[in-house]
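Labels run A, B, C, D, E and F following the written order; every chain starts at residue 1.
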Amino acid sequence: MADIWLTSLITDTPQEGFELAITLSRRGVKYTQPDGEVLHKLRPVYANDADSLTAASQVVAINFQTVAAANGYWRK
Amino acid sequence: MADIWLTSLITDTPQEGFELAITLSRRGVKYTQPDGEVLHKLRPVYANDADSLTAASQVVAINFQTVAAANGYWRK
Amino acid sequence: MADIWLTSLITDTPQEGFELAITLSRRGVKYTQPDGEVLHKLRPVYANDADSLTAASQVVAINFQTVAAANGYWRK
Amino acid sequence: MADIWLTSLITDTPQEGFELAITLSRRGVKYTQPDGEVLHKLRPVYANDADSLTAASQVVAINFQTVAAANGYWRK
Amino acid sequence: MADIWLTSLITDTPQEGFELAITLSRRGVKYTQPDGEVLHKLRPVYANDADSLTAASQVVAINFQTVAAANGYWRK
Amino acid sequence: MADIWLTSLITDTPQEGFELAITLSRRGVKYTQPDGEVLHKLRPVYANDADSLTAASQVVAINFQTVAAANGYWRK
């Protein structure tokens, strides 16, 4: 991958940090399946399956741990 | 998402922290499936499946780690 | 939920901390499925399934990490 | 549970710490299914299933993180 | 394995750290299944399955926690 | 288990640390299923299943977090 998509883990607010965690989660998928069309086709499958959605939320939670720690939990 | 839903990880009590962890877990789902109606339909499925409930509780546990660390574990 | 069930993560002993981790795990389920009768019916299903029990033990392990860190691992 | 089974997370060696992590993992199961006979019957099922064994090893790994941190990773 | 593939967890940027996390995740697979041809055959299966992709992204997220901590979260 | 297999979490290099994480993951399995012959029979099953391999890599990732922290991430 030639494009630069991640230059910092620091965000202004916890919500932006949460959104960065979502980006990280999707990038983790994209490195395994770079074909955007395939990903687009898979979307309706897992977006309508409760267990798939829980699993997706779990990956976000793990990445949010990293981003939150990087930001000192936005304590100030 | 234009709405602001997360401005701080700090809560007064561990119970409020736990409830914030639940909010984070649901938001993780909502970013993948923003359609509230679909989520509403899926609810009875996973809310009546033991393994789905355990998986949901696991995501809460991971997010609670983050919130608890942010709050210094409400030690004082 | 109006009731207060979590006022502190501090416990006297690691065993009490482990039991608090179990409480947290069950509460994570209860926020998703608050109907005690449904939970009661699901119990025999997952309590007799090896993989469900392992999954339940994993949630406890994650919550125990949080409680143990909160208590400085009961080092003294 | 009336019996005392966990009074400290401190162990002399990392191997004893790993074995404590196994104890914690089993106890996590036992709190959900206290009936030893049921557990005994389930054993041959998951002990012969590769994915169940991997899942069991994962719970041990999570508990070992806790025990290792408690012991300062036995650095000296 | 005789080859040297991991001499440091330090990277210049978070993106390189994320890519190292992917390498670690793949190596974790390769130690269990060293046969590159088998891995090559399995690829189309999991790269087209939404849940497999989420699971792969989760392993990357866990390894990224390690790499990010090693790098002090690239805070400066 | 009478044999001594883990006397330290400290390794010279991150790669040796990663290999120790693999050892820990296998030991976690072995404590549940000590029969080497059974494990040998299970190997071809999970070594040819993409999801099993991802799950195995995840356990390694969790154990690697522990080993890396123990070694101060081999920062110098």
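Throughout what follows, a contact is a pair of C-beta atoms (placed from the backbone, for glycine too) under 8 Å apart; a residue touches a chain by one contact, two chains touch by 3 or more.
Here the structure is a predicted model, which means the values were calculated and not measured.
Trainee: Counting one step per pair of touching chains, how far is subunit E from subunit D at the shortest?
Mentor: Graph distance in the chain contact network comes out at 2.
Trainee: Centroid of subunit B to centroid of subunit E, CA atoms only: how many Å?
Mentor: 27
Trainee: Averaging only over C-alpha atoms, locate the centres of subunit A and subunit B and give their separation in whole Å.
Mentor: Computed from C-alpha means, the inter-chain centre distance equals 16 Å.
Trainee: Nearest whole angstrom, what separates the Cα centre of subunit A from the Cα centre of subunit D?
Mentor: 31
Trainee: Spell out, as numbers or ranges, the residues of subunit F touching 2 or more other chains.
Mentor: 46, 51, 55-56, 58, 62, 65, 69
Trainee: If each protein chain is taken as a node and each touching pair as an edge, is the resulting graph a line, ring, star, complete or other?
Mentor: ring
Trainee: State the ordered list of ring chains, commencing at subunit E and continuing via subunit F.
Mentor: The cyclic sequence of chains is E, F, D, C, B, A, beginning at subunit E and stepping to subunit F.
Trainee: Provide the residue numbers of subunit A that touch subunit E in the complex, in ascending order.
Mentor: 1, 4-10, 24-29, 31-33, 38, 42-43, 45-46, 51-52, 55-56, 58-59, 62-63, 65-66, 69-70
Trainee: Under the definition above, what is the set of subunit E residues touching subunit A in their complex?
Mentor: Checking each residue of subunit E against subunit A gives 13-15, 18-19, 22, 46-51, 53-58, 60-62, 64-65, 68-69, 73-75.
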